[in-house]
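Order of writing sets the labels: A, B, C, D, E and F. Residues in every chain begin at 1.
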Amino acid sequence: MSINNLGVVHRKITRADKAAVDKLARFGVATIHEAMGRVGLMKPYMRPIYPGLKICGPAITVLLQPGDNWMLHVAAGEIKEGDVVVAGCTTDSEDGFFGDLLATSFRARGARGLVIDGGVRDVAELTEMKFPVVSRAISARGTIKVTLGSVNIPVVCAGATIHPGDVIVADDDGVVVVPAAVAAQAADAAEAREKNEADKRAQLAAGVLGLDMYKMREPLEKAGLKYVD
Amino acid sequence: MSINNLGVVHRKITRADKAAVDKLARFGVATIHEAMGRVGLMKPYMRPIYPGLKICGPAITVLLQPGDNWMLHVAAGEIKEGDVVVAGCTTDSEDGFFGDLLATSFRARGARGLVIDGGVRDVAELTEMKFPVVSRAISARGTIKVTLGSVNIPVVCAGATIHPGDVIVADDDGVVVVPAAVAAQAADAAEAREKNEADKRAQLAAGVLGLDMYKMREPLEKAGLKYVD
Amino acid sequence: MSINNLGVVHRKITRADKAAVDKLARFGVATIHEAMGRVGLMKPYMRPIYPGLKICGPAITVLLQPGDNWMLHVAAGEIKEGDVVVAGCTTDSEDGFFGDLLATSFRARGARGLVIDGGVRDVAELTEMKFPVVSRAISARGTIKVTLGSVNIPVVCAGATIHPGDVIVADDDGVVVVPAAVAAQAADAAEAREKNEADKRAQLAAGVLGLDMYKMREPLEKAGLKYVD
Amino acid sequence: MSINNLGVVHRKITRADKAAVDKLARFGVATIHEAMGRVGLMKPYMRPIYPGLKICGPAITVLLQPGDNWMLHVAAGEIKEGDVVVAGCTTDSEDGFFGDLLATSFRARGARGLVIDGGVRDVAELTEMKFPVVSRAISARGTIKVTLGSVNIPVVCAGATIHPGDVIVADDDGVVVVPAAVAAQAADAAEAREKNEADKRAQLAAGVLGLDMYKMREPLEKAGLKYVD
Amino acid sequence: MSINNLGVVHRKITRADKAAVDKLARFGVATIHEAMGRVGLMKPYMRPIYPGLKICGPAITVLLQPGDNWMLHVAAGEIKEGDVVVAGCTTDSEDGFFGDLLATSFRARGARGLVIDGGVRDVAELTEMKFPVVSRAISARGTIKVTLGSVNIPVVCAGATIHPGDVIVADDDGVVVVPAAVAAQAADAAEAREKNEADKRAQLAAGVLGLDMYKMREPLEKAGLKYVD
Amino acid sequence: MSINNLGVVHRKITRADKAAVDKLARFGVATIHEAMGRVGLMKPYMRPIYPGLKICGPAITVLLQPGDNWMLHVAAGEIKEGDVVVAGCTTDSEDGFFGDLLATSFRARGARGLVIDGGVRDVAELTEMKFPVVSRAISARGTIKVTLGSVNIPVVCAGATIHPGDVIVADDDGVVVVPAAVAAQAADAAEAREKNEADKRAQLAAGVLGLDMYKMREPLEKAGLKYVD
């Protein structure tokens, strides 16, 4: 048995069901995260490189070494139409692992975006290309191609665990990971939640208080809340 | 006497004079902060969720518990037309306490914006609604409704003390708190400062140096500044 | 010999060759940084106050004291058409050292922008003026004018050393410093690198993998990379 | 009415009852904070300069300006035997506001320690003197004496509000503020809590689980917890 | 299939082989991490509460909710002699999840220490008890017991993935996770590495340069290193 | 002319005068920094690995690449008795560049300590050896030996510029850099300052206020300070 998971590229991965991915693409990160019971979020230091971006697709996972983007080139060879590349790193590094050349390659191979716990550069070009990236940092610093990581092993990215094929959804609010096996279930739950919200929004817009709509007055009183005139 | 201030909603608060609030709304945060003698600023980690926003109004104050937004629902019931909700937290928490549903409710009740020392979500929707929020973080993470805080007690938000009814002014430069009792005085001082700035700007635009306009050459020389050719 | 470099303004500085500056202006920060062998970058906490800005010009250097912007006024007197002001500070300070009045003055004197390891304010106005600033923070907090620093001495700004007259290039990706003596060389190297990139981009856009274009397959295999089906 | 609170020294303050202070000195910060209902804590970035320190006494409050320790000298004049100096700052500053000379003075005047939302220096000497300090940072950087703050006004220090005379308790776990008016009540509550803990500790040491001692099994089951073999 | 892993306690876990654990206990974190090929480290913000601590044992894993330590009480019931409790959290929280009462319970049940991506308190008592803890923060802030997490599911703690039963080794240098399945292999590799180091240390102590001992001069020259007199 | 300073080892450096170094060793960092007019300090994130350490000696400077400690081995070959190694990095990296083997080598070659803007490991062993290190972080993470930096060029370390041969002084308060050319002058100034302090300390210990000793009452009054009874 290998003592670690380094130096491996898994070529066969089980991507989440396409219909489930397409359905998840209709919902926001906050909705999906809630629908899943409040799990799967990456940490909030992960920020989109431009406002209004949206990413949804099955994950090609990458384990990077600090200041080294070799494995992103390897990952490019594994991308299928609709995939999202997700990269963690063995140690924190804000160097610019990714720029417009790799984005050109990723797009040509069918990638829908990149989520990376590291830095990226050429953000003006990436923004113009509308190639969506969510990253830990923006940095012009170049990287080397020396040390092996892996592709399509389970990785940790910004505090979340991602298995290859899991669905990655990103928008202005952050990034959520939906395990492939529950993608359809999560999409259904998100849909149910969103339906539910439309009615609530209408009531709130009409001036109804959440206190009444959610029937909070009694539990607040029980908890001891006092109104003082 | 209560050992703490938790579990209380003060319904009667003294809002700053409306004319003073309206006048303060004409000035930027930096101008008002200077006019007050350089006090009342929140820390610069507080950032607007979209560029170009402006908030001005009397404060409904909220003390939150970490990862718990119950008191924002309670606060909604206290909002009057023109108010700004300001929320501190008993311990640092970047979870998403506020999103588009609460924004819909706040707006329906007359709120002009939110300043929160915590995270918010649904920022794409909030931006589209043009509901202005200044926050510590953006996070999709949902919150619970379990532990009491308070509404309309004095709170600390991002290092500043706010009493209910104080004027909150926010723009791209940050957030400043103007105590209700000095709101008119601060507005007058801001106006005076701004008048003063127009003339200075004209001189500087014409190429006059601040060194001369502010008569700095003599104090600089006294302080020992040497010009070396 | 003076025990330190404080309280001095060097009036005669050797600016980088104008043709080299103009040529550098055509390239991005990442390209120039790579062309120089991956040196000269400021740390990635330095962020542009608005997206899409570009700064290029010889440096007027400033050493500030914390919470004190006196030396920026002194620096204004040293600006020549096309210069970029670069300010470091003797200790970390996020106060608002610079705003629209100083920007008006800097522009009237010919400055092309400011790079400051400190805070700035009036960012809405600066954005409207299109006066480009890259800074450590945004803060409305005002500064005093009490303690001498220096102008046109070597300074450290965000981890990089800048000598007066060095070329400062900034864009969305960050800030790079090109020593005056190698400005032409760096511009040529950047040009060569960029030519080289156009062809690479075309290949990648056509679906060629970096693995093949950069001939990485053999070194990856030697390093021990395994493909697992 | 003054537009701000700057430039004032309040000479008469109401210190918390001495017996209450003495009683509070017997309990740890965590116990007192719990006894008060989980309020009054400073943020956890405040750290003791040496392990094992303990501070307890009524507060002399100080509002500092960044990089300026003038008001600490003013505060020295207000110290009475047993007092604790607590200093906030109008803007974040990690400079070394305090060192062994001021400690010598503070001790000579009767101070029991310092809690400062800024930097301190001479920590080897302070440790040798056993002069307890809890601070935001350690920095050798010197400060100026130029801009007025205030002494004995309400201040915010590390996120907590302190009124002059409030009890400050600090130990390895952090710093808690007990309002003067509830000091006796808080001391009694802390005592009750601690008595309660001794029995719990004995049970737990004997191997009883908190699950049983706190009767958590039923609420856990109701919440849906499943044990899987 | 459950949409998430919350609300579950796995009672049967496969602990790493005891002999392997005992052998790993002889080596430092840096050595084991190197022996494993430089994987498995937690992030360096995880710090021991006192210098010189050492932890080694199979993991009881805990997924916490922010500001809520309910699951630590549940975890206490799963501890067997020699175990180490490892706790991650669904969102960053520096509150004090753990103190001397829980430590008393954990010790009574046989735990050898705690590694927690959150805050702890009572550090003076924990230090006196010599109960070793490595944590993200120290904070007196109390936590609630309201929301379910899980026990003995795979968790992410400070950037590392831990499966129940994996070996956790911690010392002054940080924390490393050794998967149960490779524990013996890792212990052997660590032993081999350490033997190797003794000889190196002797050579270096005798003044031999690493340049010669590691035969670096030729690769350095090939890489282009120039010595300038 | 070389476009950058990489890949060079300068063998001949001008070390600060030995008598000046020995004299500087008698003073603390805060005193020397003040004596120099408040310049030359590294940022306060640089922390000693154990309390009470003291470092003083001429600098061997190192420019590291992120996650790569090759140049520390090269630097070992340049150490003379009494030197201090000072290492900056081209980009922020907290990996463990240095441990007990390199410390053994450095000591054998005569080094008095290490100051590094990166991580170190084996801190228990380093502490036992009493090999003093001041670093940005502690991390067990190993580094590679692939990319050239330089030795004995001017480097930036934690915000300070160091030329080879400059005196590095470090203690619990931080790190100060004294340029070789002014080492004697700085030592004299530090001595004068310290003499001056002994008398001040005696006065303050006797209860004299700094307000009187430093004659601050008049300037405070002029600045507008009001005492309120």
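The working rule: contacts are C-beta pairs under 8 Å (C-beta built on N, C-alpha and C of every residue); 3 or more make two chains touch, one makes a residue touch a chain.
None of these values were measured; they are calculated from a predicted model.
Touch-path distance (fewest steps) from chain B to chain D is 1.
Repeated interface, listed pairs D-E, A-F or C-F, reference B-D: C-F, with more than half of the contact pairs matching by residue number. Here the CA centre of chain C is 41 Å from the CA centre of chain E. We define each chain's centre as the mean of its Cα atoms; on that basis chain D and chain F are separated by 32 Å.
The distance from the centre of chain B to the centre of chain E, with each centre set as the mean of the Cα atoms, comes to 42 Å. Of all residues in chain E, those touching 2 or more other chains are 38, 41, 90-92, 94, 139, 141, 147, listed in ascending order. Inter-chain contacts, as defined above, occur between A-B, A-C, A-E, A-F, B-C, B-D, B-E, C-D, C-F, D-E, D-F, E-F. Of all the residues in chain C, the ones that touch chain F in their complex are 1-6, 35-41, 43, 90-92, 154, 156, 159-161, 181-182, 185-186, 189. Chain D makes touch with chain C in their complex at residues 65-67, 90-95, 139, 141, 144, 146-147. Here chain E touches chain D in the complex through residues 7-12, 50, 70, 73-74, 76-77, 94, 96, 99-102, 104-105, 107-109, 119, 121-124, 127, 137-142, 145, 147-148, going by the rule given at the top. Taken in their complex, chain D has these residues touching chain E: 28-30, 33-34, 38, 41, 44, 47, 51-52, 171-174, 176, 197, 200-201, 204-211, 214, 216, 219-220, 223-229.
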